[in-house]
């Protein structure tokens, strides 16, 4: 019988996120990435990983009265900086809010370009359960562009009729605090989530409860490539 | 605006499997674990990880004429040794083949015990698409026992009417060769897979093709816990 | 062309729960009904509806050390009373915890009996996404016994890998407070939900967020009969 | 132990449809609403409820030879009047038949407008199983516009590969007779359903059989809000 | 460029059912096979095919008062004879009604035996959507025993919450008349389907409507082997 | 009791494909039909059946440098001829590669025209699991155009996240050899499948393994009409 051979000295893992080098966050609109996976982004940054954030629209048509049209351009810079994303890793594109389905081929070409440019090994996008037309368009094209990459769909509580919570990321107090702080940079959106701290912590508690953690973000696993 | 802080020096990843410390392989019958995830087991062993293999039956009722009743007991030892699993990490249980559903509560209690004993952070079991009654029983109980652990369902081509190939593990030539060699230890089962080398490599090629790899094993992702 | 005829004077609705006369709550173990739909139970009681609560086990095998074996018998009485359920509408059965699948036919016969006895037009049971073997057994049999009755599956966050949140019940502060108070009657289970108030309100907030409400309980709709 | 308090005097329910005040029926083409839920519409009208009917196209391109182009405009008026819908509650829009997917954003904006205008608490649209492109477009946009409203998908037997019959409405002889009479107003469509009475009653019998009723209409439950 | 070669002279098909030699009908209880696929059975018989009918229970426990315990034994003989099944191709087994799940392994062994005995190339069983415990048990075991055979699940309208109508068989007036006549042999079950002719024709009309036929039976396609 | 009457003399089946007269293969791009169902096409041709092949694009925008823009026009002619398809049964349409969703209504109208022109009783298209936008568009429209025809979705391994392998066609050595030979006519695509023989045989072996055959092609069954 073959004898056991110890091939290598194992390194006890520090965090499962060590398994990735470069993450790409696809945010249909500014703030979607922070809300969907802000805690996980912060944890990746803590580990020294490169995180690229792409916002596909600054939603000029939806800015509330009294704010400059480009307010979200500034807010997304501030919010992603709070999470620790470097400014050169933030890209802001110019698709017209609510009209993404019309531009699906251009979006796909943008994703193919981003894939070549950054060679991410971890991609976050809205989940396949998200019914918003712009979120849905980004998810569909991501499934085409990133068939050979780990691809996770973040939860967007308002937009789901159902959800499959397959993946959970354990968040620290520091991660959740930064997520709240990032969201608070969106002053123009303050009506949307009137009590950010309470709701963000509440949702993270709820998902944590599902798998025995204090705080968690949950994801649909579309593809997970282990190499 | 907050300035970027480099929290830590990133370690470029070596293999995504570094993210785990201890894997538990649940094999309803001897050889199911090798066939379902033998290449991945070998890759874990190469990285120095602990792999525990539990066979729930040695199928004494199904041993072909001319072989001793306990032949599979010996064969599973040889096969798991080929993959590099230590003898002390092999457990052989004694459930009656084809009758697992009747013993589901005992099986669940075994799984709870194994969870306490080994604290695995990665568990492999038959997928939820597997229609064989014994495979199905192991999968159902695993979903109860390992709700807070990464839980992957391996493919068993004969037993599936459909499959969701969410996770792929990139296998090296060495991994696939060891998988074939392990399977060849099952002399008593030689009728089942008459041309092991060709079929095992063929299946790994097929799944590799799906995500741009030479050889791959594929898994259903039931749960993936990142901490 | 036919002219419009006003058939009747409409009564502006007070609550959609007015549409039901008698609700039947199926709790595999004591406290499952309160946790799954305690707020909705309280709302039905407020409207003067009859609510029948059936616990299928008092889990004598699982009572923590230091408590009498029949402690859950007393606690479920107290908890359901807090919600306003009349003592004559509480039934406590004696199935062995964790072994319900073995008794599925007896459970089905109990459900057929309950259907004849109370003629409920609204039934609550664990959802079809719940993986716990006892919860799963109750749900499966309920789908057999109540094919012609409105049948809703309550959420049990620990036991779901996915969930389809089709139905939401809007809860008042009073409803949620009573749910918390009912849960607090389970002193023997205090380890399970160490911070009941925070977690119960957090979960109700989370589900409320999904459809624009302050607090909500969510349900899978298996069947909805309108007559 | 808390004593039982009888909060209110219950009103024995008359019909579960009492739970709604205003229904909105979304018909991609004239006659889809009558065929999909004509019996239920009539029952709502009998209870004195407000029913708003919106036809998104009069299908001028599909009118058979020998009929004026605007014939369906007249027929939908007559048919909805038969069901008892007030003329001021009928809206006829002008989307081009078979081309709805191109106009999805305009359709969504129409739905948002209808929601503001009528504040419906019950919305009927084609089900998510309906493969016709125009039906599918209306259903997709309805799931975006009415996330916080009870939303039911009606069955359209020709267009479904599968169906989930979650909700059943018990229809009286009067309801079914009015449904047949409404359909008979569509003289220009007589080829489509050559024996309306037989087929409509046959389908209602079939679905009734499924849940112990004489006649029923069945619906997919996308969302059910109880408040 | 290769030139076209006419390999053989095609035989214009007479009926798609010519593609099969031997059909096996699995009826959990007597009359389930006739109700589920009686018209299709008759069509196979017309084409001279061999049809084997296996009833797993004569439901002695459920026979209405006033009838001899073995009445269903006689009725199933008469009913299958009406369809043209030869007496030697009828097998009546003796499982206890409502308790099939307890006997799943014996049932599987019966199916394996039937497969060896008759080598069917077409198998009918209850669909995977059927919630009745005995129907469900037969379907589950059939998926294990007949993985390499065409396997169709028949519709049982009372027992389905949803259905996927993938396959339709076009029935002649003669086929439907024989189905009705076969069902009428079950005098002891006359309460169950009080107006057999109307309901059976109604259901066949309804399913026919779905694909442009006068009468049809519909089936779920679990497996279709073309060789 | 009715006596058995032998209605006809059965013809022992030769091949289940005898059940069809005319097959229509929908290939979004040239070579998709050969790769998806080339072995089955060849088997139909061997039986003397009519096979119509429609390519929706010659992908002029994707032709590799060094090849004439219309190279795929020539290659598809050669490849389909290898399989035995007559030149008059090959139609080449001119949709712009990657932009099919924009042209969905025109595609649907083409399918309606093809249905009238050829009256196929067997249609092959990409499966509903295929995520490529052009494949997806063809599948969606085929489900609209061919509701009353047997409709099978072929597997396209690169484009699927999951697959339901319901139908298998048993391929002979001759069938698989012709499939490989047909694929080899696509010289301009040689980078895509660098080792055609090995990969095509490997995939057919893999799917054959699933149902006890040497070589098989697998299909999703969307609709199967038996008349």
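The chains carry the letters A, B, C, D, E and F, assigned in the order they are written, with residues numbered from 1 in each.
Keep this in mind: a contact is a pair of C-beta atoms (placed from the backbone, for glycine too) under 8 Å apart; a residue touches a chain by one contact, two chains touch by 3 or more.
In this text, all values refer to a predicted model and were calculated from it rather than measured experimentally.
The greatest centre-to-centre distance from chain D, using averaged C-alpha positions, is reached by B.
Against reference pair C-E, the listed pairs D-E, C-D or A-D yield one interface repeat, A-D (criterion: more than half of contact pairs the same by residue number).
Chain A and chain F have Cα centroids separated by 39 Å.
Taking each chain's centre as the mean of its C-alpha atoms, chain A lies 31 Å from chain B. Centroids of chain B and chain F (each the mean of its C-alpha atoms) stand 35 Å apart. Chain geometry summary: the mean Cα position of chain B and that of chain D are 51 Å apart.
The set of chain B residues touching two or more other chains comprises 147, 158, 161, 166, 222-223.
Listed by chain label, the pairs that touch are A-B, A-C, A-D, A-F, B-C, B-E, B-F, C-D, C-E, D-E, D-F, E-F. Across the interface of their complex, chain E is touched by residues 98-99, 101-102, 131-133, 158-159, 161 of chain B.
Chain C makes touch with chain A in their complex at residues 157-158, 160-166, 198-199, 202-203, 205-206, 209-210. Residues 104-105, 108, 140, 143-144, 147, 222-223 of chain D are the ones touching chain A in the complex. Considering their complex, residues 1-13, 15-21, 40, 45-49, 77-78, 81-82, 84-87, 147-148, 166-170, 211-213, 221-227 of chain A touch chain B.
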